[in-house]
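Each chain gets a letter, A, B, C and D, in the order it is written, and its residues are counted from 1.
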Amino acid sequence: MVTVISVIGGSEIDEDTEKKAIEIGRLLARNKLAVSCGGLYGVMEAVCKGAKEEGGLTIGIIPYKEKSAANQYVDIAIPVPFSQGRNVIVVLSGDVVVAIAGKAGTLSEISFAWIYGKPIVALTGVEGWSSKIAGQKLDDRRTDLIHGAKTPKEVVDKVLELLKSKKPKGYSFDEK
Amino acid sequence: MVTVISVIGGSEIDEDTEKKAIEIGRLLARNKLAVSCGGLYGVMEAVCKGAKEEGGLTIGIIPYKEKSAANQYVDIAIPVPFSQGRNVIVVLSGDVVVAIAGKAGTLSEISFAWIYGKPIVALTGVEGWSSKIAGQKLDDRRTDLIHGAKTPKEVVDKVLELLKSKKPKGYSFDEK
Amino acid sequence: MVTVISVIGGSEIDEDTEKKAIEIGRLLARNKLAVSCGGLYGVMEAVCKGAKEEGGLTIGIIPYKEKSAANQYVDIAIPVPFSQGRNVIVVLSGDVVVAIAGKAGTLSEISFAWIYGKPIVALTGVEGWSSKIAGQKLDDRRTDLIHGAKTPKEVVDKVLELLKSKKPKGYSFDEK
Amino acid sequence: MVTVISVIGGSEIDEDTEKKAIEIGRLLARNKLAVSCGGLYGVMEAVCKGAKEEGGLTIGIIPYKEKSAANQYVDIAIPVPFSQGRNVIVVLSGDVVVAIAGKAGTLSEISFAWIYGKPIVALTGVEGWSSKIAGQKLDDRRTDLIHGAKTPKEVVDKVLELLKSKKPKGYSFDEK
């Protein structure tokens, strides 16, 4: 099975955040990690763009019926026309969750990651919930923290570290 | 159409929070407001219990297939076996949302209320997200705040104030 | 807990089917059975109209975010903005399912009723799937049949018979 | 974007149906078409097995939270823990739908394919709904038929014909 990293974050982002999201996409793909996201714009488009620059595999869990609603860098569009219910699927599709900026939709996904026990790496130094929530506990029953990371490289290094206990597998479909 | 107040909050609560949730249920029912909630335990059971003490109408949006999973104070069980996706429905079923304590699941519902433009009244002075989040903006595009309220009476007074612009209607099914 | 009958059927119906759906709504309400449906038009509106004529309780599981999308005879609107995923909830909200005419959406609900073990009473003598499917087995693992019924009275008599083993309770919210 | 064929069908199948499902998986992969399915057993496992024998790409839309619930031939597991609501996603993930045998769950997916305007190719000569429904209209508003096909080769030939108007693209992730 392909190891997938869910990337969550704002659909409207500033240029600095966009650059960082693209770089995170590149680094994930270089490490043979597939990217899953909400399939639309802002962080979602940037991370897919970066991943495709490095020949990565991108999955877009879009909240519409039509696959054509996905951004142009999505390889596999999964339509989940369930309004914010689609956020559940974005989170569950990943083995680790990366949060980049984001508003209320991203906060709901952070909440779900916590509930489902998905480790979260949150980019700090950008506007939005990924910064505000880094280092916090979301639930007193759990001792885990959301892991803050200051740069794209730190984010992906932390992802790789978190995956170690999970035996990630790179994807490859033409090896036969 | 019946005016419905969604009540969200923790499934594991202390005695003080339980008393307050019961009292909120009573006050909502006395004001002819139906109560919707997740249909299970903790805040959900307490608010339904209070509502039934005053002859109220209670709706339980449960995350299981079997209606029998609802707590004993639920009149109408709506099974939504969509894991955390059911939280979307809990929020949308209400005209106003009341938050009482709560952990990550409640935080996801607070996020959805914000996204869908549902006003939130958050009980303060209890443990959990309703206290932590009161008075905060969840999204910079919106100017609205989550309204904090210190007592059950303050909570319901605020709910009634928020409903004024919405022309709430009491429910009554046997008027014919 | 209130006993609820899910009524499924076409959103575009002829006059004869409409009359029968209204009559079924009336008979369900007279028997103190609440009605759940998709909350929109055609069979859904007709059965709610009939139920309200007799002071019944009507629940509309609508596939939109806004409660105002429900037809005017819906007391409790439950927004489930999950496209056809909402059909799952329509079926699960009932203790027995009544099918009246209907196209592909109704057929999906008939399938779900079968999967979830909900007994189905299907009106015959009208166009659409309720007639075509009556008396058939949907799944070879189950021995149950979909029960065909020729008139509104026969439909509701069959519903009452099917409920006997379930100890239905009438609803009443103002008894205190 | 990758062209994806949704394959729907029974989770319990006889040996003949299994062989045909494996062959359909092989033929789809040989034509560079990715396969999407419910990710579990029976037809779902057989079609993934066949696809992987030919180096194909397989997507499993599983109705559980844990990706590990997918069968061993699934490359990308998308958890959709929404009970039968997951069937909506199975259908929407494909550009064309192939039906192989199947019981009530498959019938719900056939209904959804119709509603969403996805062309269906149904294998005949096997037990279950794919045979029973082939050549039927599911909805009188539409003139389209479900296309019956007698052999795996006929199924995939029909799929390719249906895709022509859609400009299918093969998938390839390592071309850079």
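To be clear about the criterion, contacts are C-beta pairs under 8 Å (C-beta built on N, C-alpha and C of every residue); 3 or more make two chains touch, one makes a residue touch a chain.
On a predicted model such as this, the values are computed, not experimentally measured, just so you know.
Contact with both chain B and chain D is made by A, C. The angle of the rotation carrying chain A onto chain C, fitted on C-alpha atoms and rounded to the nearest 5, is 180°.
Centre-to-centre, using mean CA coordinates, chain A is 41 Å away from chain C.
If each chain is reduced to the centroid of its CA atoms, chain C and chain D end up 31 Å from each other. Chain B and chain C have CA centres that are 28 Å apart. Each of the following residues of chain D touches two or more other chains: 65, 81-83, 85, 88, 116. Residues 65, 81-83, 85 of chain A are the ones touching chain C in the complex.
Across the interface of their complex, chain C is touched by residues 82-85, 88, 103-105, 107-108, 111-112, 114-116, 127, 138-141 of chain D.
Note for the complex: chain D touches chain A at residues 1-2, 4, 34, 53-57, 59, 61, 65, 67, 70, 74-82, 85, 88-89, 92-93, 95, 116, 171-176.
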